[in-house]
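Some structures are shown below for you to check.
You will see subunit A twice below: alongside subunit B first, and alongside subunit C after that.
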Partner chain A sequence: MSEIIRFNSVTKKFGKVVAVNSVDLSIKSGEIHSVIGENGAGKTTLMHLLYGMYKPDSGKIFVRAKEVNFSSPKDAIKDEIGMVHQNFMLIDDFTVYENVVLGAEPHHFISFDREKAKRTVAKLAKEYKMEIDVNEIVGSLSVGLQQKVEILKLLYRNASILIFDEPTAVLTPQESETLFNTLRKFKAFGKTVIFISHKLKEVKEISDRVSVMRNGKLLDTFKNENLSEIDLAKMIAGREIQNPAAVSSKKGETILKINDLTIIGDKGIPAVKGLSLDVSRGEIVGIAGVVGNGQSELEEALVGMRKIANGKIEFKGVDIGKMSVRKRREFGIGYIPEDRIRTGLAPIASVLENVIMGHQNEREFSARLDFMKRKRARYFANQLVNEYRIVCKSVDEQVGTLSGGNMQKVVIAREFAHDVDLLIVSQPTRGVDVGGIEFIHKKILDMKKSGKAVLLISSDLDEILLLSDRIVVMYEGQIVHSTSTKDADLQKIGLAMLGMRS
Partner chain B sequence: MSEKYRGFLIVVISFFLSLVLGGFLIMLYKVSPIEGYKVMIFGALGSRYMIYSTLARMVPILLTGLAIAISFHAGIWNIGAQGQLYLAAFVVAAMGVSFHDIPTAIYLTLGVALGLAIGGLWAWLPGYLRVKYNVNEVVLTIMLNSIAIYFTTYMTNGPFRTSQGSLGATNVIDKGMWFNHISPLSNLNTGVFVAIVAVALIVYLMLFAKHGYEWKMMRLNPRFSVYGGVSVKQNMILAMVISGMLAGLAGMLLVMGDYHRFLNGISPGYSWTGMILAMMVNYDPIGVIITSFIYAVMTSGGLRMELILGIPQELVQIIFVASVMFVTAGYALANKVANRMQEEG
Partner chain C sequence: MYIYRSTINTLVLILLPALGGMWTLQTGMLNISQEGSMLVAAFFAVFGSYIFSSFWMGLFFAIIASLVFNLIYALFCVNLRANIWVIGMALNILASSLTILLLKSIFGVKGSFTSDRIQQIPFVHLGNLGIFNGVFNDFSSIVWLTLILVILFKYIDSHTTFGLHLKAAGKNWRALDSAGVSSIKVRYMSILINAVLVGISGAYLSIGYLKLFNKDMSAGRGWIAVAAVIFGNGNFTWTIIATVAFGFMDALGISLQTYGLNSNLTMMFPYLAIVAALIYQGVKSSKEKAIEE
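Right after this comes the complex of A and B.
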């Protein structure tokens, strides 16, 4: 196999941060090449350099032995390079084929030749065995299918080098498997695939060769068969990673009882339909499911940010269905929301102001006459920064300027510092690097050990399996599958997530 | 560089630049800028009487500036300070001309309470409608301005028209309701002590109290505040009412302290000046105190400059508006530089 892409000591800096540090990398034509590393290791930046979204500060990039100097993704496309981003760029109201051809429509003189567009797109999909109806409206498709539309867009533009940026982050196990089959198909057709991920299992499953990045540097490239998952993990983190084997602890009394709960979603239709669930002290109950099946509405309703239409939420034997957020917090509920930027933080406020939220009424920080003990608050913030190893210049720094992992630590530090009995933890490690994930998982297990009840909501099935004592699967607002982790059957869980009963 | 320090620097540099600009304009009158500004400062602070006059000018601007600062700080946009000021001033004056023979202490207390109540009420209405029905408070408060101003004009041309001349004004209010002038030569009156108490309370509320913190978070991310257990609806109304009360206080002091009657033109845009000052210092109450003092010094001294040097006092407005422009440009520039520094290092 011949070399198709070469990075020659490429460097890219953002301010004082060296995102990509003199990277040499060679990618062969027709291989599936994974780039793996922690969040912030520089994988995505490296690919953005290839895709023309940034220009390197120094170094050269060669495509097909020719030096390139892309100034935008348009140039990259001309050289048959395409990228599937984490966030899709699709128009929801358009059909599949309209989205695919947008910007490069086939035409009869000046009119849009729809029939030809449909034919071409359908033919492409068939060629690569992607099952998709080209007349479907994109907004009504599942995430997995929307991703296929993104891929078709690239194929339609004749891309022969395809870059995938963490493509499985949003997919179910079955959908991931389908994607992998598509990738293998690409390889069979002689296309080159660059696969960015921090999921070891996937990388192991799909790649021919693997390049490991850490702190902006490319450590080395290996043949896949010469590596084990453990080797990879060690290299990525630069140290041994310990999987927190689920600590068993004594299950205590039932503390949260959800009974026949119905919640109306933003679209005016029920998002949660007659859901019942119990959580006890000293246990972690994991809610698995594809994003958008009522998990968001459920967590908001539990903490009082959303009204319930029907049913009962009982906490410590008291009906809390109508209690205010503040009362529920004071009564012992902590909450790590799924979206830290929109809900869990005020990004333009300081670390100090962010960690005090929810604590501001406690005697420690408030005195008579509405006085707020700001010195005490500063001390407290510094304590949390140390304990949770939050990387920031000072507690006066804006939270929004921190990395995703550190932002999440601010949220977790704040919520875990409350003396609570129940923690609702949603997507705790989304966008957090491997080292951070380990730390956060350990903290969650510590909470359980100290006898608190934890309701864990995550779209990352591995995380659910790793931490939970019991697993339930949510699909279209209902619990469709329920099991103890010991007896969990991955196949069944995966099917339940897709709404198929076995 | 920290945000706060940066903002301070931008304001100071902008003010200096506009003084330089003003200097050139002074030179057009064949006067040295140093001489011109000397006369201005002397005119504002050169004697006890001049200082009194300057302080008297400062009070309504400071109070309306803080009124705006506190509502904007909380993320609810009270553009209606002018209307709240007018309505409170008129209602207080209406009481003052209608009732007599009430002991002074009681009458003063009643006047202050009424001014606060009317201002607060006229702000509560849009606040309530915003929270309850999600009506845009900016549009509402602008409309309520017109209603209040035209209503008071209507009243001073009708039922409350003065019998003591031909101004658009009410009669002079009962003496029992007067805050007396401290010196016969200036408008500064004992009402200033009420203003000082109010300003102290607002500074405490915004900088030291829990509510100040919660309000700031409400502006920066309302959803985050709900999540943190802040009752956003109640707090929005509260911030709005306090804002209205401050505007009402300004109006009430103009009637009970400065003019002892209600005039149609009682506030020549005090609240708009206050709004600009508040925005210039990013709603910082200490900043509002400093800038409203400087503004008062300039307008007060501008008068003397016109008298002695023949330079029109419009110069002061030019300097003021120019510094607003420089501040705006300064923030835009600073953001651009900061972005570039992030990119390039």
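Right after this comes the complex of A and C.
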């Protein structure tokens, strides 16, 4: 196989941060080449350089042995390079075919030839065995289908080099499998695939060769068959990673009883329908499911941010259905919300202010006349920064300027540092790097060991499997599958997530 | 018939900036400096027409002035991502004061300037049409130009890729950029097209039926266009409907003055219509939002 892309000591800086540090990389024509590394390792930036979204500060990029100097994705597209972004670049109000042909529309004199566009896109979808209605409005499609629209966009532009940036982060196991089949089809058609991921299993499954990045540097490129998952993990993190094999602990009394709970969602229709669930001290209950099946509404209702329409929430034997958020927190519920930037933190406030938030009324921080005990708060914040290894210049730094993983650690530190009996933890490691994930997982398990009840909501099935004692699957507001982790059957869980009963 | 003709005459003033504004709104840039652009254009139309004794030069100067004015808006709001309301308001206030200053320093008058050297934009006389004389004859050529532009805009809006790109730029400019179409370019295009239309509208205001520039003579017409654009929310049909309705109320208000109604009262007419329309829209969209979320 011949070389199709070469990076020659490419460097890209953002201010003082070196995102990509003199990277040399060679990609062969017709291979599936994975680039793996922690969040912030520079994978995405490297690909954005290839795709013309940024210009390298130094170094050269060659495509088909010709030096290229892309100033926008347009140039990259001309060279048959296409990229499926982490966040889809789709226009929700447009139809599938409009999205696909956007920027390269077929014309009939000066008009936009819609009929031809529809025909072309439908034909393309058929060729690659993607089942999709080209007249559908994109916003109404599932995430898996939206991704197909993204892929069709590339194929429509004759892309022969396809870059995928964390494509499986939003997919169910079945959808991922479909995607992998599509990728293999690309390879069979002689296209080159660059696959960016931090999921070891997937990289192992799909790649021909694997390049590992860390801190903006490209460590090395390996043939897939010469690698084990553990080797990869070590290289990515730069140290040994221990899997926190679920620690057994004694299950205590039932502390949270949800009975026949119904919650009306924002659309005015029930988002959660007659859901019942118990959580005990010393256990982690994992709620798996595709995003948007009522998990968000459930967590909001449990912490008091959303009204319940019917049913009962009992916590420590008391009906808390009508309690305010503050009362519930004081009563012993901790909450790590799914959206740390909007719900979990005040991004323009400092680390110190954020870790005190919600606890500012406690005696520890509040002096007479509600003056804040500044020194005490500072001491407390510094302690948390050390304990949770939060990387920040000082506790006075704005939280919004920290990396995703460190922001999440701030939320977790705040919620875990206070004495609670129940923790509602939602998407705790979304957008967090491998090292950070490990740390957060360990902390969650520590909580369980110390006898707290944990309700874990995550769209990352691996995370649920790793941590939970019990797993329930939510689909369209109901629990459609329930199992202990010991007896968990991945196939069944996957099908339940898609709403198919086995 | 009188109301019909005066509605058409006022409508043109509002329709031109509403068409242009509709497109800038589609690209995600609500242009609220219409009032100011119109005023500046009106001044320079008089200026050009006076200096060269030619309405063509009047139109030319009006369009250039409007382009310059809108380029300032584009530079701040598109490139530097400034707040559109701050920049828009600043430009509107600037326009009002600037034209007064220029009036004083160039023509040496306060408040108002007129001269026989100013050439008017010609009217179109179609010959004797019998009973249709009142319906079609003796409108300003700008009226017919506007009619052609409305049809052209409708066509471009729904049948060309440029129309698609405008909407794409507003709904998700990153998606458009990544498709290889520069959203900044699309936004600039929409703002410059709007500038030309507002320029024509400004010229029509000062040398269409009159030969005079009055301070603040745009008298809120730019704002009415902005309101129609907001009401239409980028939709061609609704923008036109809103413009016609507001234009009619404006003309009605002026007409009723001649029947002796208090002018302070009738001047409120278009704005009452706007308030009613925007309340209706607000209620509707908040209901839709509740359903969507």
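Note that in this section the second predicted complex is superposed on the first by the 502 of 502 C-alpha atoms of A that agree within 3 Å, B and C clash if a C-alpha of one lies under 4 Å from a C-alpha of the other, contacts with A are read in each partner's own complex, and residues count from 1 in each chain.
As a convention for this text, a residue touches a chain if its C-beta (ideal position, glycine included) is under 8 Å from a C-beta of that chain, and two chains touch if they have at least 3 such contacts.
Quick caveat: nothing in here was measured; it's all calculated off a predicted structure.
Taking subunit A as the reference chain, the count of touched residues is higher for B when subunit B and subunit C are set side by side. In the superposed model, A:370 lies in contact with subunit B only, and not with subunit C. Contacts of A:268 after superposition: subunit C is touched, whereas subunit B is not reached. Contacts of A:13 after superposition on the shared chain: subunit B is touched, whereas subunit C is not.
After overlaying the two complexes on the shared chain, residue contacts for A:110 are found with subunit C alone; subunit B is out of touch.
In the superposition on chain A, A:228 contacts neither subunit B nor subunit C. By the touch criterion defined above, A:344 lies against subunit B but remains apart from subunit C after alignment on the C-alpha atoms of chain A. With both structures placed on the common chain, the touch criterion links A:91 to subunit C but leaves subunit B unconnected. Within the complex formed with subunit A, the subunit B residues making contact are 2-3, 205, 208-214, 216-217, 220-221, 223-231, 341-345. For subunit C in complex with subunit A, the residues that touch the partner chain are 159-161, 163-165, 167-168, 171-172, 174-182, 290-293.
Residues of subunit A that touch subunit B in their complex: 13-17, 303, 305, 324-326, 328-330, 335, 337, 342-349, 353, 356-358, 360-361, 366, 369-372, 374, 396, 398.
Contact residues on subunit A toward subunit C in their complex (touch as defined above): 53, 72-74, 77, 83, 85, 89-94, 98-99, 102-105, 107, 110-112, 153, 266-268.
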